[in-house]
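Chain IDs A, B and C follow the sequence of writing; residue 1 opens each chain.
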Amino acid sequence: MPAQTLEVKNLQLWRGERHVLRGVEFALDCGACLEVAGANGAGKTTLLRAICGLAYPEEGEVLWKGEDVRRNLPAFHSSLTYLGHEPPLKADLSARENLRYWVGVRRRVDADSLDAALERVGAQRWSDRLVRTLSAGQRRRVTLAGLALLAVPLWLLDEPTTHLDADGQQLVGSLIGEQLGRGGMVVAAVHHALPIALRDSRRLELPL
Amino acid sequence: MSWAWFHRLASPPYVYALARRLTPWFAWPAALAIVGGLWGGLVLAPPDYQQGDGFRIIYVHAPSAWMSLMVYTTMAVAAAVGLIWRIKIAHAVAASCAPIGASFTFAALVTGALWGEPMWGTYWQWDPRLTSELILLFLYLGYMGLRAALEDTTRADRASALLAVVGVVNVPIIHYSVTWWNSLHQAPSVMRLGRPTMPASMLVPLLLMLLGFTLYFVAVLLVRLRAEVLSRERAASWVREALSA
Amino acid sequence: MSSGEGPAVRPGTATFESSASIDRAGPLVAARLALLRDLRLAFRQRGQLVQPLAFFAMVILLFPLAVSPELARLREMAPGVLWVAALLASLLALEFLFRDDAHDGTLEQYALSGHSLTWLLFAKISAHWLLTGLPLALMAPLAGLSLGVPPQALPAIVGSVAVGTAALSLIGSIGAALTLGVKRSGALLSLLTVPLSLPVLIFGARATQLAISGGPLLAPLELLGALAVLGVTLAPLAAAAAVRISLE
């Protein structure tokens, strides 16, 4: 079985006239975490989107298990979860319903697993309220529950700790820790550092 | 090798220079052909036995209508090339085509209306050809409107390219349904001439005008393309050099 | 960046170990969930569903008031009026096909789900038709009666409007996907969609006219059906491409 690695080679991307990604390169093995840091506008979000195939780089390639992801994007997508700035939740559904649909489109999830995941992120009490009535921090916790449920090897997270209190940030830390312990990989765009101490965490600074 | 030529064609400074060199080669023959066609059509060709001298507007109307469709097809092909192979210059070509095609369409509509007036007493008839031209005008306007509404150039290029491809696939469908609709209601058609076949004295000037319009289109396209390339590449260093030269 | 303690990565973990057996959802399950989610959301925002229907009724109302209340005259115009009103109401409804999903990132998640985006969009378009096109088709007989349409023509009207609005939802999805995120895109969306919808309008109105006069309406109905089939095969594909372009 080919080693599960994520390789990014010489990624170049222009947004109009701006040269946003200037030859980004890295390789990530199982159990490794990469923190992508940089000021606003440095291209952190663009990098994450270029990796998962939403943005199209002018040059460079992304390799998953040694193969160019463009050859089989659906398979690559099945192995990753991308969380952008905004939680992908419908305001008129409850947290539980949201998870049922969001996760359910990708994998079968039964009521017990849903409960366990909601419990884990501390959302049990308000899981049946409409998302519209939840705070930003609560919505973020719901997406973390979904992240845990999806159980995929690669996580692409855009500023995962936004809106979270200290408790929530610890939650992110432990979730990432578990993911790495399972042999998964995390690429996280951060402003500062992730609130975890990891032995195999690297840092990539994107210049403005 | 041959691929090197093709790759150079995708380079904006090369295209900018090439377009400048090629323009006179199209502009002068266009002028000659149009003058020749107008002379043949307005002066030399005999009047139509049914419509008299009024038919002569066909020498502007028919080539305009033909060009309106040809330019749309060219635009769609360029758009498809840009969309599939991500060649940016192809998008510049498509963007340059649109206003030219819309102008031809408008000219076809106006000349069609002018033709109709002395023949039928009204400036407008819903005959299949005029109706199709009007719909084509809306297709052009939609393309240009979409481009204008999207700020990001890459997204504007790709979105309008998809629209052009979808449009070109629909043009035959639309034309067929309009013809079908028209045949049901037997609306009069202004576009027929008295004779079933056209004699050479009428046909030759028409073909000359068509050739002239085509050459004219290419010449104007080259000029617009240069402006489009300059606008897209305005931050690049070669632009500063080219403009100061 | 502090180093030191942290969960130990087991040496030699060359692959990802997922807990429990992960049962990947197949495309049918995914499409069903996409459809059901849209239906459930629509029922939570019932007010929005009524708007296109109310608009349809209002447009129909305009004609007796602006032209003539004589049923004989209205009957003559009925096919055209019905279909123009249906087209305009569909255009109005198109605006909320992708709007919310584009705004909150759920459309992006569909694009990244590992399933065919074409297929998921087809599910969304189907939900959209069930919520807007089908109710329009069911309302059309009432509108027809108000315009003097004889009762025997009504079943044909329901059928043709049902098929026609399906084709319109499909064709319209392309324009809706192209204009994602564009502010006040209503007029632009109409400009993009109307030329492509004209064949539907022509054949649908003709079928309705023949239904009223009692003529053979098989030909235009078949053409309408052909358009719908063509739409089903090609439109979701184009819409998916348009969505990907918008997400880029």
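One rule holds for everything that comes next: a contact is a pair of C-beta atoms (placed from the backbone, for glycine too) under 8 Å apart; a residue touches a chain by one contact, two chains touch by 3 or more.
Fair warning: this is a prediction, and the values are worked out from it, not measured in the lab.
> Please identify which chain has its centre, taken as the mean of its CA atoms, farthest from the centre of chain A.
B
> Go through A-B and B-C and name the pair with more C-beta contacts between its chains.
Taking the two pairs in turn, the one with more contacts turns out to be B-C.
> Which chain wins if you rank chains by how close their C-alpha centre is to the centre of all protein C-alpha atoms?
C
> If you average the Cα atoms of chain B and of chain C to get two centres, how far apart are those centres in Å?
One centre to the other, that is 33 Å.
> Just the number, please: Cα centre separation of chain A and chain B in whole Å.
About 48 Å separates the centre of chain A from that of chain B.
> For chain A, write out the residues touching at least two other chains, lowest number first.
As it turns out, chain A has residues touching two or more other chains at 56.
> Which residue numbers or ranges of chain C touch two or more of the other chains?
248
> Which chain B residues touch at least two other chains?
Where chain B meets two or more other chains at a single residue, that happens at 154.
> Quick check on the complex: what are the chain C residues that touch chain A?
Within the complex, chain C touches chain A at residues 1-10, 13-20, 22-25, 29-30, 33-34, 36-37, 40-41, 44-45, 100, 104-106, 108-116, 120, 247-248.
> For chain B, which residues are in contact with chain A within the complex?
Within the complex, chain B contacts chain A at residues 86, 152-154, 234-235.
> With touch defined as at the start, can you tell me which chain A residues reach chain C in the complex?
1, 3-4, 30-32, 35, 52-56, 74-75, 77-78, 80-82, 84, 86-93, 97, 101-102, 104-108, 113, 151-153, 177-178, 180-184, 193, 196-201, 203
> Mind listing the chain A positions that touch chain B in their complex?
15-17, 56
> List the residues on chain B that touch chain C in their complex, please.
135, 138-139, 141-142, 145-146, 149-150, 154-155, 158-159, 162-163, 166-167, 169-170, 173-174, 176-178, 180-181, 184
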